[in-house]
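Naming follows writing order (A, B and C), and every chain is counted from residue 1.
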């Protein structure tokens, strides 16, 4: 899992930077920015760990997350203006993060003995709820409720993973297909402005 | 408990529809509507399960909730306009839901070995916090903080249950009296516009 | 720990009153005020207990918190106008509360076998997240994200505690030094209008 570990850390870094940039835009102070960077990066995985009962939650036990997030906050504090110009690179890392977080969430939920539909939902929660908590704490209506297809990409990728495992493909094949699907849908959705219908 | 099971599912359906209708009104997309329907229906019970340590939380283990909520979302997506005209029926289901959720929350908390006052609070949390989380995620001040007596109905019903059990009535008698009390207070409160004093 | 117990209860009372006064200002009804008083007083400790897996959360098992908070709500309901004039005394209790909550959170996290950096963060979460949840539920941007140095005081005090323990000072010495540091930074920050830089 070393390869996925690197992707996980890249995703965490991208999420932390995106959170810190949001805080910068909202004119929060350094502490506010740190909290927003943290909840963006680990909010989804934390909610998943709490709901499935994997306590203490992952980032408390695995120190790497902490230092990656602190790095993201520091980078944004000193080079925020420069990072804002790197939007495209950050966006790529962010998309990688979403795909990898969905995968990790799905596998952790299955490992906890829960059903495939629940695992698909928990994978998606892992990927998107950090952003939902970030927006809620910033007193905004969560962006993802209004115009974004990326949660749907996670649900579709998760469902594909479950089907491939059911058809006896190896977990690695299923994981790669899933991550590729989520990234492809996300990128196509942005290019062609796909949207979900309104409720 | 088959009878209470049916009431629980009816309540869950009513809460999911009420959440999806809120999302419709806020012009959320389908994913946003699904999240709001979910948190409205299972938010209160989820918070209770987390606080008392019953993990994984109930709806992850009991698949029925998932499908009832998906049904509620689907119904609202296709027949939302029609459902809005059925307000009175939905309101009845909703009132049933509140009463039954209070009962389930109270019994689960007592079963976890916690005290009666805590159980009354956790019963009320089960019934009302789904709506609080719905409003918070929708970037609204929770309705229930400003003008509604239904949380008070839950507290009163829960207290009655505790007193009846203390007086050695059977759990079934206490449960029926509690559910009837909550429904009666709720209906009277709406008819006669009862309100709590301001803080 | 009797002395810290008294400080804990004083802090809880101060937090509950501060929550109830906020609700009064927002024109919430009595139920809304009770919820806001509760989450202000026990929100931080509850989040900490959930994240580190100490379930059921503390205030469900330890009835004293419940009654202290109910006392705070009752006092504010009947003598809110008078309490608002006692701002300075309340502010002192509040500062005591922050320092003691940081200490308790830090010690509980270390006792759960987690690392010192995580314990410093969880101590700060214990002290400040009640206010963050209060502001979020009241549909406000959390005050602490914008202009307040008190979370930073908690982090500094927590770090000092960890260093003193590492240097083999007794827990009591470290605790007293920590509480004194947090209170001193807080009081100086208010007097000299210290602020963190913006993100």
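By our rule, a residue touches a chain if its C-beta (ideal position, glycine included) is under 8 Å from a C-beta of that chain, and two chains touch if they have at least 3 such contacts.
Just so it is clear, the model here is predicted, and its values are computed rather than measured.
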Discussion item. Are the interface residues of chain A and chain B largely the same numbers on each copy, more than half shared, or largely different?
Written reply: different
Worksheet item: Rounded to the nearest 5 degrees, what angle rotates chain B onto chain C on CA?
Response: 120
Worksheet, complete the sentence: Between the Cα centroids of chain A and chain B the separation in whole angstrom comes to 30
Worksheet entry | Interface hub residues of chain B, defined as touching at least two other chains | 50, 55, 136, 139
Worksheet item: chain C touches which residues of chain A in the complex?
Response: 20, 23-24, 26-33, 35-36, 46, 50, 55-57, 60-61, 63, 66, 76-77, 80, 136-139
Worksheet item: Given the complex with chain C, which residues does chain B contribute to the contact?
Response: 50-53, 55, 112, 114-115, 117-118, 121-122, 132, 136, 139-142, 144-148, 151-152, 195-199
